[in-house]
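Have a look at the structure below, then the notes.
Note that the chains are named A, B and C in the order they appear, and that numbering of residues resets to 1 at the start of each chain.
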Amino acid sequence: MKKGYIAERLLYTLIIAWGVMTATFVILRIGPGSPADRYIANLGAGHNVTQVTAAIETRYGLDKPLYEQYFEYMGSLLRGDWGWSFSTSMPVIELIKTHWVYSFQLILLSSIFAIVLGILIGIYSAVRKGTKADYIATFFSFIGISTPNFWLGIMLILIFSVRLGWFQTYYDTGLSTFSLANLKALVLPVVTLGTGMVAGYSRYVRSSMLENLRRDFVRTARAKGLPEHVVIVKHVFRNALLPVVTIFMWDMSAIVFGGAYLTEVIFGIPGLGRISFNAIFADDYAVVVAVTLIGAFVTLLFNLVTDIAYTQLDPRIKYD
Amino acid sequence: MIIEKHHREKIKKNKPAVLGLLFIILLFVTAILGPFLTRDPNEINFNDKNLPPVGFSIEQSMYNIKTQELEVTERKGSWEHPLGTDDRGRDMLAMLVSGARVSLEVGFLATGIAILIGTFIGVVSAYFGGWLDNALMRFTDVIMTFPFFLLLVLIVYMYGPNMVFVILAIGLTGWTGAARLVRSEVLSLRTLDFVTASKALGASDPHIILRHLVPNTMSSIIVIATLSIPGVILAEAALSFIGLGDPALVSWGKVLNAGQDSLVTTWWVAVEPGMILFLTVLAFNFLGDGLRDALDPKSE
Amino acid sequence: MRLTRKVNDIVLCVRNLRTYFFTEKGEVAAVDDISFDLKRGEILCIIGESGSGKTATALSILGLIDKPGAIVSGSILFNGTDIAKLSEGKMRNLRGNKISMVFQDASSSLNPVLRIGEQITESLVQHLKLDKKQTRERAVELLASVGISQPEERLDEYPHQFSGGMKQRVMIAMALSCNPEVLIADEPTTALDVTVQAQVLDIFKELKNSTSVLYITHDLGVVSEIADRIIIMYAGKFLEMGDAREVLMDPKHPYTKGLVGCLPSGKIKGRLVSIQGSIPNLIDLPEGCVFCPRCPDAMEICRKETPSETGISDKHSVRCHLYGST
């Protein structure tokens, strides 16, 4: 029964993945900004425009009928040929391979930061509902949600790097990944990206905790004479966690990746967001497309993993 | 009326919401009247460059060609440029006012488009059910799978950083949340008696949808719309920040970008646009939250 | 049956208990000057309609009354100690250990994400400090004692895998795990169907000699099956109290008469049939006897004065102006 569920989710994921690739193709081909046009605009005068256009069109297969283009496109994507990056003179895949680590470490650390703090604050506010601490936490979560994360990053740099000198203003790429120096360099970026997340998570956790605090099994746990912290953590929180996991899952795609993009740009972290940004100004469209696709695929993968993990958390689902 | 009297009473009690509404109205007025009262934001005046805001003074070192020395002068802010100037002498206040207009336009138009699409898809999906519901929801899933900002960047990059395209792009990518919410609302309404009664009386589907279902979901739609506006404004600001905004327009994001470059010398160029962005987003969030509390049938 | 019962010991002594709820709309006297004794080994049933204060009484004993309610005055003596005044820490030592409770809806009273075994052994570990092996053995024993087959396997299952009746049995097993002196049961069979009810009642019957039971219900049928003594409660007050047989055979209070009289004469069976009228709004209680508005035998004095307790026999007392000298 559980295997059936996993298989179903896997199939669904593949279907959506196909949908994602097709949607991207549609965006690329339907519309005035054809890649050839842009490349030509870049080359500037001095070349015979019509000749160059024809050459490019043949090279990119743009002279072929649309459905053929589609199959070629799908084919190369699946083969791992995601195009060539003009501005860096390497296959797009290579570019991604060398830069994904930076995005990964940023997002991972920010998520850990946000989840831990979000849970702690959420539980505390729920248990201390109506007290000053709760109001302060709610107030700060409003602030946190409303602060544009790119502005927060700049403000943090202004205060902590420029004025106080505690941190560098720009990320040093020479640092080895598992060093303390690297960790220190990531403090401001992680706080930037994580703050908005903490604000959101603490609210979700709080509201889920409040709902579960009212449930009957809490009364049973107390009637058994269990210490309050056991009641809150082992009984209430375990139940409150379930819906929060789902929200966390969708948040990734809606907010986190976009936030990471901007954070990378501001701090100069050479992750996928940054290389996409660079590519925009070099008009290296293949890179921009690739980063978008990766964002979607990672989201899919992440959702799949979270979905399956969810079945572990909620015993009622396993046997449906 | 969509927002009935007792709802209005409830909202009035919510201080942050009222403050938010006042701020938004103020912003509106500023956006409309402001350009007539302030300088031209594009006016470049190198003499006045890098002026701090009123009340602040800053030491700047400038190289004097004649004496071939680095002169340290103290420059004070003045009421001529109450919020200071940027490195080309453009008046900050004028730029922010201009940006307000951009943000509000994009905010309302793009949200309007997104809500329209989302409501349409949500209602149709929930009402007709079956394979149509399935197909539409799968389509929604595909769009939702793309990280919102990345998709935006791709579209605006592909089609050109033009105000119209930005609005369209945001509208065409940001409807998914609304679609889901409207769909679940309609699903619960659909089974109610008045729908069955209407059908028994021979009402056609569009009639039921427009006359019955949509009005009943109106309050939710208003809440969703108000809470979507901040995200849209931030999206536009983010796009301008990374350079994908309309180059002919002054946007808060664009100014903020310039501010980061000159953070050490002219910090106000970074602080001011961000601050106003923050306050605007906060205002809409307070208002939206207040509306949601007031219109939520559960709390009645 | 009665010969083996120890009558002399009083395990729980409640005196003048008042538990009020302070709501926005006013003060609700959920438990209004209640006094009773629970004798060792007996089954004492509190009967009343919903809203009569019976659950509040039970929760007060365990100190589980939450805001906006609180015990306002009175004493609850458990083995000599007034537990109404006990600190939360010491109270926790008693809960689930010396005094346990079983709740009405077993489906919602069990934690859906924890295994049954875990939920049973929690109290064992908390109060008896047994080790892993011992707790598991004891848990198996407990499940078996309430009639659950294959207890060893079922320990590792989750609540949703149990039927309604079995869940209630699990709750009883949980409550009995540390051999409590007092077991409070709040309408444990209400949510179950009749055949399952009978099985669960059997479990209670078997407890007679080892555990004192305070059983709350609105079902006279249940009362007639298992009760040694009964208390009739209404709007936070006692109306009649005494030996089960005596009260049911010869009810004195008009309310009790109404309850009993609604049943076909002869055998006492079946559920509560409604009596004219409904429970008064507890915030705006009328002066005088709280049952007066609904009482077919109401007199002038009933409207003005609250009746005090009058003894009918040494095992039977009532609060009613019809019998009392005031």
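FYI, a residue touches a chain if its C-beta (ideal position, glycine included) is under 8 Å from a C-beta of that chain, and two chains touch if they have at least 3 such contacts.
Just so you know, these numbers come straight off a predicted model, no measurement behind them.
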Both-way neighbours, i.e. chains that touch chain C and touch chain A: none
Label of the chain whose CA centroid is most distant from the centroid of chain C: B
Distance from the mean Cα position of chain C to that of chain A, given in whole angstrom: 55
Centroid spacing, where centroids are CA-atom means, of chain B and chain C in whole angstrom: 59
Euclidean distance of C-alpha centroids - chain A vs chain B, Å: 21
Residue numbers on chain C that touch chain A, as the complex places them: 62, 64, 91-97, 100-101, 103, 105, 108-114, 122-123, 126-127, 158, 160-161, 171, 174
Chain C-facing residues of chain A, complex: 215-217, 219-227, 230, 234-235, 238-239, 242, 313-316, 319
Interfacial residue positions of chain A with respect to chain B in the complex: 15-16, 19-20, 23-24, 27-28, 31-33, 142-143, 145-148, 150-151, 154-155, 157-158, 162, 169, 250, 252-259, 261-262, 265-266, 276-277, 280-281, 285, 288-289, 291-292, 295-296, 299-300, 303
Parts of chain B lying in touch with chain A, wherever the complex brings them together: 16, 138-139, 141-151, 153-155, 157-160, 177, 230, 234, 237-238, 241-244, 256, 259-260, 263-264, 267, 270-271, 273-275, 277-278, 281-282, 285-286, 289
